[in-house]
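Both of the next two complexes hold subunit A, though its partner changes from subunit B to subunit C.
Right after this comes the complex of A and B.
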């Protein structure tokens, strides 16, 4: 047997109290107990008003994502004793997923998440009528989207997303993983249109690449990788007017020509108009030695290796 | 009051397929679901969906029909099974056309098919071991494309009937906004899934509480073949989580504590791929006779090798590591039989229509057509959900196009509101969790893989006692918003109704057939018992009646594998 204090986020609007707080529940439990099992025991034995979403308890329905000691997990898949060992504490703090408004206790308003999911046109749009039997798809082509097809829409990625914290309108990692799942499906006819739809404001180029979504996804979907692959699709489809795409392109040109980053080129190419407004800043940076004095491209010694690297990366996408 | 032509309750495979079919037929259809659609338990189905595509070997609809009739231990309706198997390829192609990411053959690019229990040919189409998830998502994306109105997190409390006893809508609790509302409809399609939570352990989700069955039963609709609960041979010891039959389909072995592949004794031809009732009984016997390990036998996948496990069974590996602390690449997984699938359900015809209530339709696990009879074959549940979901959608739309505007009693929601307020006002008494725990424990112990008269009667006495206790049940949470305590309490009432039907049916059926295995009546008795059980609720008591099984061309044979 083991004993744990669960410090649970409470928000009970029906009581008239619109302030949230944390409440401690002490529970004796078997060593092998998941956070979800513990929460349900608390609900059954100590406080029936505790609200939490859950269903399958086998890490497939995606209902029970929450934060355990600040880290987003599926409650059903998280062993209490392992979480305690990881944090070195006998108390586990349980909070709702981040980047959402609370409804009651651990239950949050998922509406923005579903709206954004729907906004990426998450359905196959094939070209022409269907054949009598199945469409033939090479095994390798189908496996290209296998990882993203395993997304259970639990919103763990959304909870951890730093771009969303800065811009609540950002479409978010899960929806883009689904976007990639269709854009890269060879049965879909909308590759270019999808590249356009996913670019622009709040789009793929607004991802800050913090990698938290990859790290915290309980199903190994790697949404950041999907966003990156969508970026590559945008390039292949020549959807590159976006500031983010131009920024990436400037990087590439700069790498190709000099083998190293040329800040002036990147800044100017990404945002020629905005860049001009920043001229006074650039001047001051120049004076302080923060910018190279010559706009001419410096070249690294082993540029052939950089070229090789670029080629390798291109081939893997 | 809200109103639609057709209201579908439940948004798993059967519900969404029905809604799509009704939408395509041109009626105004809405989904009502206590979960978000993608949370539905269809998503937990792992191994696959059967269709005689013949992609791996020669196969045909007749083979599939015969295997299903035999698997059902000759109590499935053969005309319904013929419909199921004939439409199977069309539905699988349809799912593929909608974008389902089925695993593919290496060279041809066709849908790959794997061997499954009780099947003569490799017939099970799959998406690694995420088949249910992929199909659930595919149907959801179609619902999004069609913009089908969906009442998410609306818990249905009542089926509403008019003065003539026709189904004319539902009353539901909008969990987020804390309102109770009536949704009127010309036709109601019930698709709320199984009642696996009558048992513990169970592979089923916490939400699998058989809601539709109880809602229909309470309105006078009979439930069919309720005594047939399938125990899946491979569930994790810790919490009953499912390990797909695909693990054996891919070549996994079952071993006892001596390392013997014991299935050679019980099913010398099909071994691990005998039908589920046969394998579960074999495991239970090995364990009872002392050849188990801590109440389990072992599922050994090591010889499949890392690559095959990672490609075909990635989820199984993840779940075994998370819940059993076992990596199947390195060591065998301890498993045991666990409650999994309920063959019984709302008595409906081949179109999913309830003969006892005009306007009521049902599809998927909550219904009983019957195609699974006394034992369902693996890979046939997803199939049944889409085939009979589509048919119920088509039939309900056709019905709604002919039906007059529904005459919904104006006080329907108010009656529910009053009843719930009465329940919430109660201060002293047992809580639902205690009642549910005791129910699940007694069902597991006394209405399990093997059954006999004395213990079944003990179970019945406990169920009766718990039903009494439930009359005084107390809800802790008195609030309006997202009151899960209230919902669980109502669900527990459903579970008690259904357990009563299961036990009562099991006591009466004096034979062993499929999943219903009586140690005191070990033989199948076609002369007296080749018939469906119908359970009615009369003044709080279960009354049984029987109806004939439809035969076409498959004569009952001795069932061996």
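Right after this comes the complex of A and C.
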């Protein structure tokens, strides 16, 4: 037997109390008890008003994501004793997932998540009339989207997404994992349209590459990698007007012309219009020697190898 | 015998943030490290080439790894983004012999040396935050930071994804804290130290990026830090060069000087301040220099 103090986020606006707080519950439990089992025992044995969202208890339904000592996990696949050992704390603080408004205790309003999910058209859009039988796909083609197909929509990736915290409209990691899953499906007819749809203002180029989504995903989906692959699809489909895509283009041009980053090029090329508003900063950077006065490129040794690779290497996205 | 590394400073330290490169080169002999140049090495692509042309990203990075392999030494970096891009490519080809064969086919066609998969990529912070590294610092003597209150700022890509980086717990990193303490400084702890600086999208989505860097800057300020230290020159640009813009956007003042990691060590070891080129920083370093008596 083990014993743990659970410091649980409480928020019960229906009772008239609009302030949230943390409440401690002490529980004796088995060594292998999960956080979800512990929360349900607290609900059954100590406080029936504790609100927890859950369904399958086996890491398939994606309902019970929450933060345990600050780290977003599925409550059903996290053992209490392991979480204590990992965080070096005898108390487990349990909070709702981040970047969403709480409704009651650990239950948050998922409406924005589902709206964004729907917005990426997370379904197959094939061309032409339906065939008599199923549309057969070679195994290798499906392997391309196998990782992303494992997403259970638990929103653990949204909980600590740094771009979403700064821009609540960012479409976000899970939705784009689904977007890639269909954009890269060879039965889908909307590859270019999807590239356009996903390249909007709050789209793939909003991702700041903080890598929290890859770190937190309980299913190994690696949503950031999916966003990266959507970038490559956008390039392949020549959907490259967004400033984010132009930023990537500036790196390609630098590589083509010298091999190292041409910092003078990258600012002006990424944002030729808005860049003017950054003139005061650019001037100060110039004064501090942070922008080289010369627009010359930096050439590496054996650059012909780089030139040949740029010419020869084919993309297989 | 000094420990030899193939030195990969990355584009930002070589050009925009030359002070980082200069300080690292001055620091290396003091720590018994020999930095060997990599004349063929290109940019790692900073995640941007991976986002546009993933196969090209992989091939270019393996070409960099191969140059170090030919030199017979591991790569040492001083940038989070370079570290992630090089380590990711290394992991991909080391774990998949067929992929390595394909990439080597491209390299040989282009006249470049094929890669055998024998070298490792490490960051200066990782090298120094081990027992071996800390004892190197100890041998150099003075615990010279004189109680300077330092906010460690890791940024993202030296920690996550941990499956590629793997040096320490990405949620409870301690390497910077160990160094700050060993050098006689005091750690100003705060939640934002593992959050993003926003730099990768600062040119394409400036407002989103600045709101991100606000989290760390305000956290460090509220923890009473006199200075922030970072192992990444991109984080440094976001936190230092863009700090005034973030102040204007958020309507707050941080007045937070930002040190590159080797500058923190240089200060503690009594390196001349001119060598560390603080004149290239945006946020004044006066109080920091006064505290450490530099």
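List of remarks:
As a convention for this text, the second predicted complex is superposed on the first by the 300 of 317 C-alpha atoms of A that agree within 3 Å, B and C clash if a C-alpha of one lies under 4 Å from a C-alpha of the other, contacts with A are read in each partner's own complex, and residues count from 1 in each chain.
Everything below uses one rule, namely that a residue touches a chain if its C-beta (ideal position, glycine included) is under 8 Å from a C-beta of that chain, and two chains touch if they have at least 3 such contacts.
What you see is a predicted model, and the numbers here were worked out from it, not measured in a lab.
Once both complexes are superposed on subunit A, the partners subunit B and subunit C fit side by side without clashing. By the touch criterion stated above, A:63 is placed in contact with subunit B alone, subunit C being left untouched. Contacts of A:205 after superposition on the shared chain: subunit C is touched, whereas subunit B is not. After overlaying the two complexes on the shared chain, residue contacts for A:55 are found with subunit B alone; subunit C is out of touch.
The partner that reaches more residues of subunit A, of the two candidates subunit B and subunit C, is C. In the superposition on chain A, A:28 makes contact with neither subunit B nor subunit C.
When the two structures are aligned on the shared chain, A:82 is found in touch with neither subunit B nor subunit C. Taking every C-alpha of subunit B against every C-alpha of subunit C after the fit on chain A, the minimum distance is 13 Å. Residues 35-36, 38-41, 43-44, 53, 89, 92-93, 96-99, 101-106, 108-112, 127-128, 130, 133-134, 137, 141-142, 144-145, 176, 178, 205-207, 238-239, 241-242, 315, 318-319, 322-323, 431, 433, 475-477, 479-485 of subunit B touch subunit A in their complex. Looking at the complex, you find that subunit A touches subunit C at residues 70-71, 86-88, 162-163, 165-167, 170, 205-212, 214-215, 222, 224, 228-229, 231-232, 235, 242-252, 254-255, 259-261, 263, 266-267, 270-271, 274, 278, 281, 284-285, 288-292, 298, 300-302, 304-306, 308-310, 312-317.
Contact residues of subunit A toward subunit B in the complex are 12-15, 32, 40, 43-45, 47-49, 51-52, 54-63, 77, 103-104, 107, 109-110, 114, 118, 122-124, 126, 130, 132-139, 142, 145-146, 149-150, 152-153, 181-182, 185, 187-188.
Note for the complex: subunit C touches subunit A at residues 11-12, 14-18, 39-43, 45-56, 59-60, 63, 106-107, 109-112, 156-157, 159-163, 169-172, 191, 195-196, 198, 200-201, 203-209, 211-212, 215, 237, 241-242, 245, 279-282.
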